[in-house]
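Before anything else, here is the set of structures, which you'll find just below.
Both complexes below contain subunit A, partnered by subunit B and then by subunit C.
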Partner chain A sequence: MAGLALGAVEARAQAQDEIVLGGSIPLTGVFAFAGVGIHAGIQDYLKLVNDEGGIKGRKIRYVAEDTGYKVDASVAAFNKITSQNKVTLYYGDSTGFAKTINPELERKGTMIMAGASFASELNDPKKFPLQFLPGPDYTEMFGILMRYIAKEKPGASVAFVYSDTEFGRDPIAPSEKLATELGLKVAEKIVTPPGSVDVSTEVLKLRRARPDYTIFHGYVLAPIPEFIQQAKQMGMQSRFMGTFWSMDNSMVQQMGEAADGFMGVMPYRYYYDKEGTSPMLDKIRQMRPEYQSTAYMQGFLTAMLMTEAVKRTLDAGKELTGTNMKASLNTIKDFDTGGIVGVPVSIPGNSLPVGRIYRFDAKQKQMLPASDWIQLGK
Partner chain B sequence: MRIGTLKLSYAADEALFDTKVQWICLALLGLSLILFPFVAGPYWIYMACLVAINVASATGLNILTGYTGLVSLGQAAFMGVGAYTVAVLETRVGTPFIINLLAAGGMTAAVGVVFGIPSLRVKGLYLAIATIAASMILHFVFSHWDLTGGTRGLSMPPASLFGLALDQPHKLYWLIIPVTALMVLGAANLFRTRIGRAFIAIRDRDISAEVLGIPLLQTKLTSFALSSFYAGVAGGMWAYFFRVVTPESFPLINSIFYLAAIIVGGMGTILGGILGATFMTLVPEVLKLVVGWLTPWVPDALSLLAPIRTIVFGALIVGFLIFEPQGLAEIWQRIRRFFHLWPFRT
Partner chain C sequence: MDWLYIFEVSLAGLGAGALYALTGVAFVLIYKATRVVNLAIGEILMLGGYVFFGLVAGAGLSVWAAIPLTILAGAGLGAVVERALIRPMLGESPISVFMVTIGLGSILAGLVELGWGADPLRLPEFIPNTPIFLGEAYVAPKVAYGALVAALLIAGALAALRFSRGGVALRATARDQGAAYSMGIDVGRVFSLSWMAACATAAGAGVIVGAIGGISPTMGIFGLSVLVVVIVGGLDSVAGALVGGLLIGLVEALAGSFLGGEYKLLATFSLLILILMIRPYGIFGTHEIERL
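Moving on, here comes the complex of A and B:
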């Protein structure tokens, strides 16, 4: 009896000691394709940490709720998880949620948050002091793409094709300015209504502009394949590029013929990338023999950066408050991600401004590196 | 047990609540709503506020669709008008929240009247399409107007009452629940007046209504205005609740949500709007709780059962439509009738 009681006390002590990572995860709804990967990535990284004894002996418990990619459901999940657990780390599913929950996050002051949004607006440590982006923001993604273009073909003309949403419009204005600074010419800006399928008039517009490079943003898949197919049929020679959410290998494969030569920016390495030593990628391949999406890598790296922030805070003997953890996160400099990102990473502000250009190879049916790693601000 | 009710005056006959039992039930409901924030956790208080906002909006749609027979798929966009009105007033003018909420209702009513004009000529599905067009126009305005903050939308400070910031669900509860209760009570009383009965007459047969001397355009537009007023105030409360309003906050799917809520709840009954909105908001959350209970037995139940949960929710709606086409309100009425004669007849 006494042993049982002791066991119970021990279990409670352990539970009090554990660190909770909460998550509003879109396992259903329009963003489920990414949510499933993110969910698995976070779980796998935490399993690796916990199997090695946790952070300074403290295990990390992952508590997630499905949100269906709806802000009200995400906030409900946040309220539910934070009222039932002492949450230290949180993963949010959208820009809308990140903006909505920010005042509450600051009011609580007990956690740091990252999520599926790479919105440029969130990359502001003053406005969003307890949040970070586990990659470059959308404007930085455009920056990486255009630096590559400026190097490959100085003075090239580019066209921006984007959806008429917050997601789509996010990087356009600052990227136009950057294009001028890099000596590139923005030949055309085409905005499509959300969910549009028939893009023939937009393709004609693009054809008249004859850009050397066309950058798509604010889409996951449609209407990118239709755009590329029609443009190619018209004999256009433009190179087509995308940003993070349209760059998953299985997603690009779905584009069919249009996929050949499709390029874009990716802050993480692909599941199948065996170049050099990459212990983390090896572990992932060991745990999951089948292909894992780039969303998985995003979830995996987010959990890694969050636990690193916790570790550094505990190492410094500080309390796990939001401010302390964010300060610890910002001390991450030339950090080795075990191969998830191909170069050592730093988080000077709210983002991880690094990425690489990949190009789809139709023969190997894979996105393959087309450039070195490009680090902004270096 | 309630076998018969003796009424000695016309006023008693017209009363909204005509028996002591009803008054007792109502008092108990009021008391439980007052006590609720003291016993419930933050999650349930959040859900209660969300349900209340949805009840307010669904009741508005019920006035238009359930009572006047004008199908609308613009309710979410109208809520958007209310939310933006509140956000603009709060950030640019700084007027008190009560004035902002009333202004949101007024502004949305005006917008609703404009988009309600086609209702004289078109009915049924055609009107539904016209209201979809209205919501598209409104979304375009939300995302392209500087005043509404473009695609990024507006972030706003919390409502404040005598210097106290209403920045948390347990504080906003005292704003949202009373406002919703007033709105629901207002709607219930509306149908004891000439205007409300004119709405019902139009729904049942518009030509007969006109023959009876009901001006069709004026009455239909009044219905649009009232319904939009409700949507506007609900949108305003939504804005205070989430404090970020973007063009993507009120998608078309939300309009379908409200229409589904009043169909599931029971069109043309006040109780239907309340039960429908509660059902549509809470059932997905309750299903999540069920998934949570299964977690110890099913590894990673969350991701395995997420799609099943969505299917179950859909199946529940279809089930209600097949087995109880008059909605949840009818089930409630049956339960009440059962107890009227209980225990003499079961």
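Moving on, here comes the complex of A and C:
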């Protein structure tokens, strides 16, 4: 009897000791292709940490709920998870959720949050003091792409093709400004209604503009392949580029013929990338012998950065409050991600402004590096 | 004025419109016979795309064997849905039946996600890919062939409605159920037949739409744009679906290229309001339509 009671006390002590990473994860719905990868990535990284005894002996427990990529379901999941657990870290699934939950996050002041959104708006430490982006924001992604373009072909003309959604419109206005600064010409901006299937009229418009480079944003797959195919048939010579969410290797493979030469910006290394030493990628390949998506890498790195912030806060002997953890996160400078990102990373503000240009090689059926790592602000 | 550009844009718009029209026909067939607004038609279209994908990529069938099988599967689904879900709702308020079809849509999207996962997929290339030029004007080959097939299917549907026994029975039932029944027409079978024909059409449309834009569990949204088409054309008129589809396709294309993509939906819905103000029952609709 006494032993039983003791066991219960011990269990409670352990429960108090553990650190909880909560998550509103889109395991179903339009964003499920990413949510499934993110979910696995977070779990795998936490497993690695816990197998080595956790952070200063404290294990990390992952509590996730499916949201279907709906803001109300996301908020409900947040309320449920935070009321049943003492949550220190949180993963949110969308820009909408990140903005909605922000006041509550600040009121609670007990956690830091990151998520699947790379919205430029979130990259503002004043407005979103307890959040961060585990990569460049969408405007920074355009910045990386256009720096590459300006170097490859000074004075080139570019076209932006984007979906008429918050996601799609995000980087357009500031990127136009940046293009002028870099000496590039924005030849055309084409916006497509969300969920549109047929893009023939848009391709006709693109042909009239004759851009050297075309950047797609706000899509995952459709309508990019059809767009490229028709443009190529009309004899267009433009190079086609994408941003993070349309850059997963299995996604690009599905573009068929259109994939050949498709380029884009990626802050993480691909699963199959064996260049140099990358202990973390080796571990991932060991745990999961089959290809893992870039969304997986995103979840994996997010968990890594979050636990690093916790570790640094505990090392400094400070309490695990949101402000303390965010301050610790911002001390991350030239941090080695074990090969997930190809260069040491720093988080001076709310984002990780680094990325590399990759190009799809039709023979190897893989995205391969087309540039060095490009770090903004350096 | 760049006439070639306008001509090319109009052709592209008509091509897209043909697909709207085809899916619109699926809406109309069901509404005409059974007075049910089937909001799941977009999801049935999606399922058609996935069945085709499964048959070709999964079972390794040739494309030309897979297309008829997909259409048959659509017909089968229509028969099952009508018998199991819609027939028992006979006599319930239209809103209830309407809700059943919304639920059916969610179930189909969920099943597809369970079976094939949530990732967007591309159908194997089977539509000829050589660029088509009408004079100097470029037409995207997939859109052109898609429109051609849609036109043939719609012509087939019109002919069947006019000349076949089933078509006559369907029109009779649509005109007056009681009279049709007393003349010995098996109204239950007509209901079943209309669902089968509509779902087969939708499944076929799914193959074409999927070949152009790829497939994903969320492609059912396409059905929603088609709802606009049939409301404009008239919910119970096949000719209305045809004209409405082409009209909406054309308006979208012109608005998209001369005003900008963000005006596409604005133009479409402005047209919808305008038509509803002038002709509340759609361009070719009959007046007794029940509004939901």
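Methods note: the second predicted complex is superposed on the first by the 378 of 378 C-alpha atoms of A that agree within 3 Å, B and C clash if a C-alpha of one lies under 4 Å from a C-alpha of the other, contacts with A are read in each partner's own complex, and residues count from 1 in each chain.
In the analysis below, a residue touches a chain if its C-beta (ideal position, glycine included) is under 8 Å from a C-beta of that chain, and two chains touch if they have at least 3 such contacts.
All of these numbers come straight from a predicted model, not from anything done at the bench.
Applying the stated contact rule after C-alpha superposition, one finds that A:Ala222 touches subunit C and leaves subunit B untouched. When the two complexes are overlaid on their common chain A, residue A:Met251 makes contact with subunit C while staying clear of subunit B.
In the overlay built on the shared chain, the residue A:Asn79 is in contact with subunit B alone; subunit C does not reach it.
Contacts of A:Lys99 after superposition: subunit B is touched, whereas subunit C is not reached. Judged by the touch definition given at the top, the superposed model places A:Lys47 against neither subunit B nor subunit C.
Judged by the touch definition given at the top, the superposed model places A:Arg107 against subunit B, while subunit C stays out of reach. Contacts of A:Glu65 after superposition: subunit B is touched, whereas subunit C is not reached. Look at A:Asp164: by the touch rule set out above, it reaches both subunit B and subunit C.
By the touch criterion defined above, A:Thr28 reaches both subunit B and subunit C. Comparing the two interfaces of subunit A, the one with subunit B and the one with subunit C have residues 28, 32, 36, 164 in common.
Note for the complex: subunit C touches subunit A at residues 5, 8-9, 12-13, 15-16, 19, 110, 113, 117-122, 125, 129, 131, 138-143, 209, 212-214, 216-219, 221-222, 252-253, 256-257, 260-262, 264-265. Remark: subunit B residues 41-43, 46-47, 50, 143, 150-153, 155, 158, 167-169, 242-244, 246-249, 284-285, 288, 291, 300, 302-303, 306-307, 309-310 touch subunit A in the complex. Contact residues on subunit A toward subunit B in their complex (touch as defined above): 25, 27-28, 32, 36, 39-40, 43, 64-66, 68, 71-73, 75-76, 79-80, 82-84, 96, 99-100, 103-104, 107, 121, 164-166, 168-169. The residues of subunit A lying in touch with subunit C in their complex are 28-30, 32-33, 35-36, 164, 190-193, 195-198, 200-205, 208, 220-223, 225-226, 229-230, 233-234, 250-251, 254-257.
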